[in-house]
């Protein structure tokens, strides 16, 4: 496919999408607009954060086999930069869909007691801090890696190795804040302390899936010489393992709340099981667990580009479905997918792809300045 | 792309997994010869001490069964105390062995081979110690077989919806799988022992145990595949078994117990406590059995890094629990959490936090990670801290739950302390016996990671 | 030579020499080859032409079987055979059955992998293989590598094969002879007999158990249970409401129970105290009083009980003039039928205890209203 024609299509899509979402704001109402915004900005943000996590993980454990492919998640993690303004824009959604912003919510003692945490200034400060911390970490880990291409200075490895554990702490707390603030506080009476871990699991999986798709795309175009099926196998193994991990966390949260049956916890699930939401949750289980798990069981499936592409695509879709299923019910209606949702999809997917194309096109495809590149290329199982 | 000729700093160089010149033959001689020699006097002293503790513990268990649970400090509402604390503690310690044996095998971490045999053995002994407690803490242990689903004339079945039955299945599965995994890995080593056995009796025993293993490539093919699959299955168990144990608490309504983060929190805590125990035992083993070239400082360094990671995960979990407890706006949960820090057992809460989160931060320093005194101090602190964490979760939450008229102080009795000491005695007795009778390092697996062990065309970076 | 050759071994010093020799020997001899190594060697399966191991497929199937068996057993026992409602959960509560299903899956899969590999695929334990008696065996388990050219039942040209092996780099050669056929009482045979006996005992015991359990409830033995009589806890069409369990006829009185139907305390039918005011009666009365009555009426019966403040009630002072003038029967009536805020204590006290308490109350009344004449002469001043 001709590169510039793809760009033209995507740009057209972005424009059309933008027009669509503006129309949504005026025709379908603030709530629907903002709910879609939250679902989509979180989807793209968490995908970027997942890739960012992969980069930091590689630095923390000092893995050599992954050095040649590290540039792929580094480029994809720039999605966090794209979503930084989207996150700050999302702050305007607070009065529209977050019930604790309304003065009458303070009549409820359970909300009033948390007003020290759930108030617009503190919430915005937290969101702002998360964005700042992510941008700073990006500068250190990703921009530094690009700089290493030119300067061939191995001190970057040391700096990255020293910073990565701190980033892990930052990541742990920021992803928890994202989960608690943006998703859980849509229903401020509800609480679940595994929620940060749950969002982390989905985030990591989304990052792995996006990395896999981008990696296979680049390998098809022979832009990653030296990378072989053994590298791909490891990625496939991670996809498999963390599919199981996400399912375990999701099931644990559901089963514990089902078992204790406390009204103050179960209402969240009850809303998300009535009407068509129940079958949607079943679909989520199929796409997020059954399909990736059973397709990736055979050993050769984990290094087979065809099956990996399918699974990675399904996992990304399932991650979006997960966010949709968690967030949309706050509108009080059944699962909707009309032209508003379609416009948001077109807008965010087009912008996302445009951004990713730009990122993949700039800079080297492998961290050429990394002293362990050769060793990584020589990795065999 | 030339990677520069600049010398890499020490920091970034890949450390050797084995030190010194080693051949398969010298490996056999170094490790297997311990079984031919008389153990040093220190072994006998340690064995005498730990087996006495074990015997005292067993006698106290007999006394409990004969007299009744009243000889323990358990009361209403603190119906679970040392019995369940010890159970969770020991099951947790077992998880490190499976992580090292199974998960690190899947990650192809070469450094795992020197310590996998020992840690797997520790898993099995820890699970044995753990399994005693559910059996003796029921009021009529002689009826404990009722937990098994067999057709009976009462026409009833165990309640499969109860987390306690999930525990029965999870821990027995874990024990059988670990035993099988450990035994299968031992078979080639037992074949080595059979072929160098000095006496006829030993040769006969090792022959039987090694089931006629002859190292045929067709056998190795099936063996390797089965071993890898077993590792994958055991990995699932590492996550699930301690999660099922956490369900004992999280499915209930006791304030402070019904927190959804319990499953991953317990698993992280199990790995944490388990690695600490492995570090303590390995430090002793490597120095007394002169295995410093096989269990190198690198191994201890990496294990200490895992301990540090788990300590940070525990810190995250404590922060999440405290925050969610406040966020829940539930008066009983608020009260329970305040009790953890300022209540009757405030000293246990502070011990937990300092031993689990503060002290292990020492391991950020590379020098401390490689220093015997510091790492043993941290490992002991972690062991104590993790025991007290279960104490805080169980006793502190139970002693003041929803209904103030039911509140009651818990005081352990001497029998409680004795049985706890006895479980440590049993564990270390089994460990000492293992070191005497079986090879502590998986020599066959070690031979695989020696340089030059694999043919050239399949070479390259093995990680 | 009339000896039968099982195989001819060539011993190699290192793994590379072995791998180089395999294709050469394979081509030159065309016989079946097997290699013996101290540890698994990468790539040797392909070199020897071994078929792919079926362990993976076996494990997958048995794992699925385990999952079905686990969840099926739970659903049948808890939902069909003896449906039990626990904690208000639905009878077919799949959420609660997942943990055990997972564990049983792992159990089945693991034992298939471990024991299937050992017993079925490798056919171990097997102690009669000629290799086990070979002189090279200790060398192999230590650090040498052997390539065996097997006769596979046919004839081997000994000298030619030895020459081929030496040319391929073998350091030493060993000829393994076919072992003599085992005598009738070989260890293998004995072990098989022992295992067969054990299995037969197990099966026989199991069948006996089921026979004894099922015999009394199979036809025609069960006919004895089928009688025209009322079985406990079953329906019975003999009665109009079809319930086999009947309530006692109206007016039924429990054995040893004297019905007390008096309503008014001043009713002349109120009985007199049947018990004498003896020391054992007073002792029993004191015991019962202190347990049941003193909390409200006070230990001295003066109305100053320990619960008075908490309950805001005003228990009677039993030593007051009014109650001193009561007949025994009237006090007894208060115990049995209650009085004002005091409930009936008929359930807590037996007939005898009630009358003993009445005697004790009299004793307390006298104690609190003592006259000078009550003091013994010796002590009186």
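Each chain gets a letter, A, B and C, in the order it is written, and its residues are counted from 1.
The working rule: contacts are C-beta pairs under 8 Å (C-beta built on N, C-alpha and C of every residue); 3 or more make two chains touch, one makes a residue touch a chain.
A quick note: this is a predicted structure, and the numbers were derived from the prediction, not measured.
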More contacting C-beta pairs: A-B or B-C?
B-C
The chain whose C-alpha centroid lies farthest from that of subunit B is chain A
For subunit A paired with subunit C, centre-to-centre distance based on mean C-alpha positions, whole Å:
45
When the C-alpha atoms of subunit B and subunit C are each averaged to a single point, how far apart are the two points in Å?
25
Using the average of all C-alpha atoms in each chain as its centre, how far is it in Å between subunit A and subunit B?
34
Multi-partner residues of subunit A (at least 2 other chains)
255, 259
By the touch definition above, subunit B meets two or more other chains at residues 236, 240, 247, 458
Could you tell me which residues belong to subunit C and also touch two or more other chains?
56, 87, 89, 96
Can you check the complex and tell me which residues of subunit C touch subunit B?
14-16, 18-19, 34-45, 48, 50, 53, 55-56, 59, 73-74, 77-78, 81-82, 84, 86-87, 89, 93, 96-97, 99-100, 102-104, 106-107, 109-111, 113-118, 121-122, 124-127, 129, 131-132, 137-138, 140-143, 213
Over in the complex, which subunit C residues touch subunit A? Could you list them?
56, 60, 87-89, 95-96, 98
With touch defined as at the start, can you tell me which subunit A residues reach subunit B in the complex?
62-65, 109-110, 113-114, 117, 152, 154, 157-158, 161, 165, 168-169, 172-173, 176, 180, 191-197, 237, 241, 244-245, 248-249, 252-253, 255-257, 259-260, 262, 264, 368, 370-376, 378-381
Would you mind writing out the residues of subunit A in touch with subunit C in their complex?
251, 254-255, 258-259, 261, 297-299
Subunit B to subunit A touching residues, read off their complex
1, 3-4, 6, 8-9, 11-12, 14, 106, 108, 235-236, 239-240, 243, 247, 250-253, 258-264, 312, 316, 320-321, 323-324, 327-330, 458-463
